[in-house]
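All remarks here apply to the structure that follows.
Lettered A, B, C, D and E in written order, each chain numbered from 1.
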Amino acid sequence: MMRGYFWIIVITLLIAATPLLTSSNTFFNFTVVVLIIALAAQGWNLLGGIGGQTSFGHAMFFGIGAYTASMLQTHLGVNAWIALIAAIAAGSLAGLIVGFLSFRAGLRGSYFALVTLAFAELLRVLANASEWTGGASGLLLKLEPSLANMQFSSRPTFMLLALAFVFISLVITQHIVNSRFGAHLVAVRENEDAAKALGVDVLTVKLKAISLSGAMTAAAGVLYVQYFLYIDAAIAFGIWISIEALLAPMVGGRGRVLGPLIGAFTLHGLGEITKSFAGRVPGIDLMVFAVVLIIVIAFASAGILGLLKKLSDRFAAKGGA
Amino acid sequence: RGAEPAPIKVGILQPVTGALAQDGEYGRLGAEMAIADINAAGGIKSLGGAKLEMVFGDARSTPEAGTQEVERMQEEGVVAIVGGFASPICLAGSQAAARYDLPYIVDVGVTDQIITRGLKNTFRFAPGFSLCTGAAIQNLVKINESAGKAAKTVALVHEDGLFGSGLAKLMATELPKHGFEILELIAVPTPSRDLSNVVLKLRSLRPDLIIPSTYYGETVLLARTMQQQRVRPKGVYSVLNGAASNHRFVKEFPEAAGNIMDCNHWFDPRNEKALAVQKRVEATGKPFNYNTPLNYSCIGLLADAIERAGAADRVKIIEALGTSTFSDHLMPYGPTKFENGQNMGAAPVSTQVQDGAIKVVFPEDFANAKPKFPANG
Amino acid sequence: MLQVKNVTMRFGGLLAISDASLDVRQGSITGLIGPNGAGKTTLFAVIAGFLRPTQGQIALFDKDITGEEPHRRAASGIARTFQIVQPFAGLNVQENITVGAYLRHTKPADAVEKAREVARQVGLEKDLDKSASSLTVAGRKRLELARALATEPKILLLDEVLAGLNPSEIRDIIPVIRSIRDSGVTILMIEHVMQAVMNLCEHVYVLAQGKMIAEGTPAAVCNDQAVIEAYLGKGSAERLARQSQGENHA
Amino acid sequence: MFSPIIIIEAMINGLLTGAIYALVALGLTLVYGVLHIINFAHGATLAAAMFAVWGLNAGFGIDPYVAIVIVTPVFFALGYGLQRFVIGPAAHGDDGNILLITLGLSILIENALLASFGSDTRSIPSDFAFSVVEAGPFLLSSAKLVGAVGSLVVAILFWLLMTRTDTGKAIRAVAREKLGARLVGINVGHVYAVTFGLGCAALGVAACLLMPTFYVNPRIGGAFVNIAFTVVVLGGMGSVPGAVAGGLIIGVVESVSGLLLGESLGQIGIFIIFILVLLLRPTGLFGARV
Amino acid sequence: MLEVRGLRAGYGAVEVLRGIDLSVGRGEIVAVLGANGVGKTTLNMALSGVLPATSGTITFDGVALGASASMAVDAGLVHVPEGRKIFPNMSVRENLELGSYRRGAKNRARNLENVFDTFPRLRERAVQAAGTLSGGEQQMLAIGRGMMAEPKLLILDEPSLGLSPLLVEEMFSLVRRLNADGLPIMLVEQNVVQSLEIAARAYIIENGTVTMSGTSVEISANPELKRAYLGL
């Protein structure tokens, strides 16, 4: 039974094959950034798309991942891979804590969204002030490419690493979607009371989801810092990462396994294309980007994958008739 | 006619969208003017008059976007990259460039981490954090001494980002060594909506000297609120401040800005060439802020290195930069001399707003006015 | 099997249920009737664990479950439907029912199989691929029923599942409910459709303004003066009397 | 540590600033109450309004307070049109989509401002900005006093509008029961657009009241939006009196905690309040009434 | 009064109404009957302009309707929907006031008194939030809100749904009372027996079209219909 795995494998293989087709580091760098965003966004998608708990503050997990990894490496000299595991655990734990606080309090919808935003902002202010996080000057990882340091002098290698992470996140998500836990998660999204009546332990389901979500997004934070070797509070906990993590699945197809990846590629691809409109006046490219974004939403309200499904359904209906 | 020599592509990286767009614009303007001037003067002579060609990249105020632009510029075949403005962008951009031995000239980015990573390709023309603070303190001590040690107590107001906090911390440890008493360190967020409380605090602390290191908007708010609340210290001495050396501020609020001193990047007001460039910029209605002459000079530095390298070859350019003694710049610096990538000839100057204009008041070698200190005496 | 012992439920100042008790015998169909706003739905919410009673206990098989969470109660065999239907609107009918089936089946394939079986039982097999939000009121009521059944409950709480059905549809669904009972599921139902109550229930409780005002066989309850006054009204009481007589004659 | 006078003065300052927060939050809470959506473009719209005020001053010498009569209706119309012809049609009634569209709009507006005005920070030079009212030991900024009074007046007008007029009632009706509203003949699209227009009009007034003491650049909206969220949550999403109370409380808390903890860390105080309110009383002080 | 010809409407690709013809005359109560899901509610939605018709005509009092919901209200065709759809966050009085949002605003005060006289329960609860009313009171409020618009025709969609037998009784006698004052009413009900008792004529809808119509007496006597709809 393939149930969804087919396209995951195809797309992963396609991306993995790009080093055979091009040697453009611009492309690899672009793809690395997209994959990092896709991974962060997959975390969002699990909680927000499939589980319906919209977060505006996924930067919180991204930042916790990035900071945990870099603090362990710079302050304690911990091996990068161990730091990675610790960072993922930290993201997951942060998810549990935030989830416990807010889900116990019964927060949903916009209220949950805002509380996550507040947590991210709180962490941003704290990271900006604390000694451990390097305060406002941020943390710099020492540039020492080696497997042990999870730094690679070749862009394609790092791209493949990021791809591996994304692949794992896709497989995990697909597995969840096919499972009982996935059904419960969707049920919670659609109607909590009904889910409860059917024996779904709503709090536990949500907690599982947010802790997995935090772990995935934290992993993205680790990749970010391993790639750019620098992190500060504004990058790690700033609103922009939260928005990226939410925008990608929304555009690609909320709650769909491949939505975040497709969305991230589309958005960033669009960003690169619109840069060519930049000309002399700053901001024009982003205006074009925004207009295209609005048009995409207007005509593909269920995201790109939603649109594709609708088209294929219509095609099938016509073909069948 | 013989074939024109192939143009030499130079990457200009500036944030012209996002939070830092304002500074990025000024920087881009300087680089553009320099390229135009060099080309008008016959291009790179050692390469048969090859023209410089600008490849511009918008860093969009984030390190990711900066890196992506570096990669693109690299693929377009630039021989060097100039700019970055903000430290995070410079850190990420120079590192990306380092993979290709692509020379990277940092314009502003003050964090010392930029030059302590041992990247061979990275050069910073302007003074970094430690040079700036060192000079700021030195200048302040001298100015204060020549005023008969008028100021004893100090309050520091700083933005809570990368440079403000570090700066304040350093000042707080250094100034007491010179007999100043630090009353308080006040961190303010960017952007701030209201600084009434900071001013209230200042009013109750009554410091002789206020040292603000904040971005433009906050400094405007601070100065205006101080004037409103009638807080008149003996001096306002800012370090790397976003407004006290910004012409717009001086023009819009001559009273609030009056007598504010700043230790910052600035051009050399005694340099004829700098004054000429200033005239040209101001003729277009734009203010002449330090990013412009600084980037103008960085391009000059690069062109000089290419000239001496005699080839559009990265390794040779890096070598030439490393041994540069470039002095035909617009800045109040001595001849260029790189140590581990930092131009040790660079130094900030102290400026003061006097009679609605920004004057250099220290060091005397570059000064076009005398410091007015204490200001409200 | 299910006992409600002296339950009181307050919402702020409002006393929605006051010292109400009832007892559901295993294998029976028991009715709960009463005027609008009497507290029937509230009592269901208390039984299913959605509300914690201000006072009183709930016991299932003589085990006190008053403090248990709803999902735990579902696991121990209490299933409820909602008066105001609560479909998973974004899912199709089959997916809706499968969520219920997952309570006793962890494997997706088993759960789906169970869902189909239940759909057949309640007459939704044609609509399996329809989106839940496109069902009519009656369709949604069936869906509520199906989902609850899919949890394989021991006792089923039905809150006005017949409302909105026309007489012939009610006639058609009565045997379905009976067959559910016959398959071993005890049923407690809230219903305003007296025809069905008379037909199905062995025992009826009447709740009015939060208090149990009567209980007994349907016929006895319908002749109770207090019940007629608070709930049935003269007209329906007469109609019901006529009908039952008619049936007796037939 | 500080004399009581200073603390009191800080509180007064907080009230004055808080009144403006309330005004900015008013539009947000209204739009939330009706459209059930957090309007991401709120900050960018504020920036646009502030540029409008600045432009009227720089170009035609119009005093910011006079500009109220121009900017307010213009922004009402702008908001109306935006909702009626862009957000409404493009969203297909899906909340997630409205969110994305307002996000897109905020990028669009911000960069349109960047493209047309450049990234410079600008302010309106005026003597009034420096004038103060001396009240006992306190020096209160005249411009801020005007701002606070203006904000409260607008809030009262809003409240009257919402409770006393058919339009206000229609807005509240649409907020909870669209089909019911259509069946009594309310044009839901129109009411949505009016609501959005009112939100933008409030920003127009806020811009006029802010500009004498504040500066503008294309990204300035961000400075007020986070705080407006906090205000809205504290007061109760959708509540006009809540926005006012929330604004004033946040203003004072920010001011006093800024004084005691330092401005930067003082922000933490706001976030902590925000989180605590959400966790302990998610409906805010004034519940979820529109 | 109301003339409907060849009305078609649906949701997306699904056509629910497949050419409906019916009419309501002055002063009549007309019952519309049909199994679950045949499209009775859909018909009401189309008549009141909430759901656009794909084809066909709706003529009311000589005016062509169907373009928008406000148009129907303006003309005096008032629809009290299935599920009440009152404004739960507003007071009873405000709910009623909004009933005259488009029509009858001039006589608002007088009509309000009328409604309060008809439903004394509502007068008692005038300042209570409508969402906290019991099911029966909500139904009264919904009808009262409809009456505020000075209707020329009232469409009631399953007004007895979820009401106790006593309230159902009251509801039907209310409908009769309103009609006695000359108001034509189109009644959609599952409570077939009682509807036929008060209606003059009835339509049976099946599969998106009217399959039978006639006087209530004829309809209740039809043995086939007895089986199909009365469950006898």
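In the analysis below, a residue touches a chain if its C-beta (ideal position, glycine included) is under 8 Å from a C-beta of that chain, and two chains touch if they have at least 3 such contacts.
All values derive from a computational prediction rather than experimental measurement.
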Chains in contact with chain A and with chain C: which ones?
none
Trace the shortest chain of touching neighbours from chain A to chain E and give its length in steps.
2
Among the chains, which is located farthest from chain C on the basis of C-alpha centroids?
B
Centre distance in Å when chain C and chain D are each reduced to the mean of their C-alpha atoms:
49
How many Å are there between the centre of chain A and the centre of chain D, using C-alpha atoms for each centre?
31
In angstrom, rounded to a whole number, how far apart do the mean CA points of chain A and chain B lie?
36
Name the residues of chain A that each touch 2 or more other chains.
125, 128-129, 282-283, 286
Throw together a list of every chain pair that touches.
A-B, A-C, A-D, B-D, C-E, D-E
Across the complex, what residues on chain E touch chain C?
11, 14, 33, 35-37, 41, 82, 134-137, 158, 161-170, 190, 192-193, 227-232
Chain E touches which residues of chain C in the complex?
33-37, 83, 134-139, 160, 163-171, 192, 194, 230-233, 235-236
Residue ranges of chain E in contact with chain D within the complex
48, 50, 68-70, 72-74, 78-81, 84-90, 94, 97-99, 101-103, 105, 145, 149
So in the complex, the part of chain B that touches chain A is made up of which residues?
16-17, 21, 24-25, 58, 62-64, 67-68, 71-72, 74-75, 88, 91-92, 95-96, 98-99, 111, 113, 117, 119, 160-166, 187, 189
Touching chain E in the complex: which residues of chain D?
166, 169-170, 172-173, 175-177, 179-187, 288-290
